[in-house]
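My questions will all concern the structure given below.
So that you can tell them apart, the chains are marked A, B and C in the order they are listed, and the count of residues begins at 1 in each.
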Amino acid sequence: MSLLKLEKVTKRFGGLVAVNNVSLEISEGERLGIVGPNGSGKTTLFNLISGVHIPDEGRITFRGQDITRFPPYKRAPLGLGRTFQIPRPFASATVRENVAVGAMFGTLGKELSVNECLELADHYLDFMGLRAHADKQAGTLTPVEKKLLEIARALAMKPRLILMDEAMAGMHPKDIDKMVRLIQEVSDRENIAVVAMVEHIMRAVLGLAQRVVVLHQGAKLVDSSTKEALNDPRVVEVYLGHPPEE
Amino acid sequence: MGKRLSTYGPFIPVLALYVIIFLVGKGVQGMWQVMAMLTFYCALGQAFNIFLGMTGYVDFGYVAFLGVGTYGMALSITYLAHQGMTGPAVIIIGFLLALIFPALLSMAVGAVALRLRGAYFAIATIGVNEGFRYLIEGAKIWNGSEGMIFTSELNQVLGRDTASGLSTFWADVYLFIIAALAALVTLHFMRSRIGYALTALREDEDAAKVMGINVTKYKIIAFITSACFAGLVGGTSWALKTPYVFPPEVFEIHYTIEAIIIVLLGGAGTLMGPVIGALIYGLSKYYLSIILPGFQLLIFAPIIIVIIIAFPDGVMGVVKQRLRGTSLARFIE
Amino acid sequence: MSMLLEQLAGNLFQGLVLGAVYGMATMGLSLIFGVLRIVNVGHGAFIMVGAFVTLWLFTALGISPLVAVPVAFVVGLGLGFIFYYTAIKKLIKAPELASLLATFSIGILLEEVIKLIFGSEFRGYNWALPKIDLGVTVLPLSKLYACIGSIIIALILYLWFNKTRAGTAMRSVVEDTEGAKVCGVNVDRVYANSFAIGIGLTLASGVLLTMFIPVGINPYMGGSYTLKAFVIAVLGGLTSPYGAFFGGLVFGLIENGSYTLFALIPGVEPFALTRFLSFLMLLVILLIRPTGILKGK
């Protein structure tokens, strides 16, 4: 079943075409990597999906609803979650309260009381291994802990799809593996689709995504399984012959 | 019981302080007016905190809400007295108007200003108090720059004795109640969805939006609530205690300045903060007025600058840090 | 009919003359916001300080207000550097609220200090200059000087921004702070200089404003100018000093024109209504186009 569908989406900034006639489809529970160097348009594409920008042309459909013109806050309760590359916790609130916010305004938001949200928060804190820090101010966490918090908060929204914005950039390979396993586990268990944005096909994407879309200058270059994309000569050319990182 | 306590526990020390202020005022000779002034500052601070503290937005035109609240009460008394109406119903209607007028003004201003981000919002509010004052004076609404004096109408409506009792005692009692109500509403917000949404948007408005929070809606809720309490404060403390209203007085930016000082000093966004700030500022102003009248702003302006740079969470911020993790922490908010 | 047209032309001219001074008074505000992204809420207080510098130089030392302009500018530079290094610098990275409240508090501090030194009565000075007939209208020479002074300062600023290294560095920071850093621009120094120059301009404008209105000088006179400055700044695009200047001209025209119009309506107070109009303008502009109606450089 199609969860998220982009049809001929185009976005221009002044004279620059940042995203050029991109169409793609993501199914429930699928894990997709959107790959492209800086300037390929992937950040803009992400912003279009999460509602920060509105496309000039094209349509975005999520769970059957046309969300093309929806502001970000209307997309979240439908089940569209997002994490940021540099984590943006609500610094003065506690770790638990941060995650609870996700629950409060996510898909189940209206049905849950504040206390139930706090309990749900604890559940995800346990899962991410952050329970010990539950009462600390979120601003005091280490960068890695903040990344975990970011994910816990997105999970508490009970999303159907999470947009992960280069979550593993600059992380130690061991931490990356741990993170990938966590995401795989939760994606399978709760049937959450994951769209991860990365700069090039690397360790993280190999483990995480079954499928990748490679962007080049705002347009879709390749849309295939990760393995095929790795060996696709066009992809190799785009990266000037650089092999994927080990 | 435990849950109830941790939810509403922090209200207890606040209420305790209010009760102490009331008792000292009643019990000690000549302290009633001082305590009344402190209550005014507490109420002003609590009301202002609902917006500044919880959203992190500053409304430089805030006093306008006190002003229109005062007019609400004044108009009720004046107009209804001329209609021949008497009795406490007039005052009750006055309170209603003191709520409705600022609600309307805040909706009008908010419709424009709350769509704007931080600095633009502040700019939009800079002229609200002046603007409204000049509208009243310019278009000669509600008697224009002459203002309204309604001492005789008040006497007519309530009878001399009751009116006098109102002006000298009961108005201040209502002010206590308003301050306590404002604190209660603040706490309720803090513990509910509204509080979480406001904290989120205060910390990071864009991240909050992405998490599903309709930031404009919550800003509006806080803005109107804060405005309504301000109206009540104006209607009670100004209209009922001194039965006249002059535009230049009730739209004076001075009160916004004091509100800012009180909230920042005590700790913006906390429950106890405005009370602590009100006590420090009010008492300092009172004692300074004996030695060096009119000097309080000269002293507090640099203090506020230091607080902004070095202690942005005010007194309560420091206190909460010290108490973090202890059992006392559940009572301090 | 020609009498009315004459009056109208005279009115418009007066509005432009006033507007030039208003515009110049706002340039500092736009400069500071453009470079540092900080809104100087205490703007009016700095204008007031400039007014008092003029007052003191004239009444105590008999120095002409024309000389007071550069003196006030230098005083403003000094104040700007002091406030930048003690307070503003630390708040560049802080949430917006902090700098808004800090500049607001600085304004209050200035008001109280001036009140302490000079007292709170309304003061004025009498710079007895003749009036000059310009054909379309008659102006006191002092007002003409104020207008010319404003234009000269605006021109100097233009040259500074476009012809000097320091000025160009400032422009680069306005456009792209990160990029400027990469190019080796010492952003902190640019911030300090911009803030100081902005404050200097604001104090100098206080001098020019007193040439226009040499009475009513008191510690709390700045408040009304703050609102006007913001209307003008928003009109002109908030980040552009040139936009501010032209915004000032527009504002001067509207203020003068509306006063004349309101004076014709019975049963209203034209002065108060004009001031209400400024506030209304602010809301309307922010509603339609927060980034300003006039596109400056």
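Worth pointing out:
Convention: a residue touches a chain if its C-beta (ideal position, glycine included) is under 8 Å from a C-beta of that chain, and two chains touch if they have at least 3 such contacts.
In this text, all values refer to a predicted model and were calculated from it rather than measured experimentally.
Contacts between chains trace an open chain of neighbours here, each touching only the next in line. Of all chain pairs, the one linked by the most C-beta contacts is B-C.
For this pair, chain B with chain C, the centres built from the Cα atoms lie 32 Å apart. Put simply, the C-alpha centre of chain A and that of chain B have 43 angstrom between them. Between chain A and chain C the centroid-to-centroid distance comes to 48 Å (mean Cα coordinates, whole Å). Interface residues of chain B, counted against chain A in their complex, comprise 3, 191-193, 196-197, 199-200, 203-204, 206-215, 325.
Considering their complex, residues 50-52, 71-77, 82, 84, 88, 90-93, 97, 100-102, 104-106, 109, 114-115, 135, 153, 157 of chain A touch chain B.
Contact residues of chain B toward chain C in the complex are 56-58, 60, 109, 112-113, 116, 118-120, 122-124, 126-128, 130-131, 134-135, 137-140, 144-145, 253, 257, 260, 264, 294-295, 297-298, 301-302, 304-305, 308-309, 312. On the chain C side of its complex with chain B, the touching residues are 39, 41, 87, 90-91, 94-98, 100-102, 104-106, 108-109, 111-113, 115-116, 223-224, 226-227, 230-231, 234, 262, 267-276, 278-280, 282-283, 286-287, 290.
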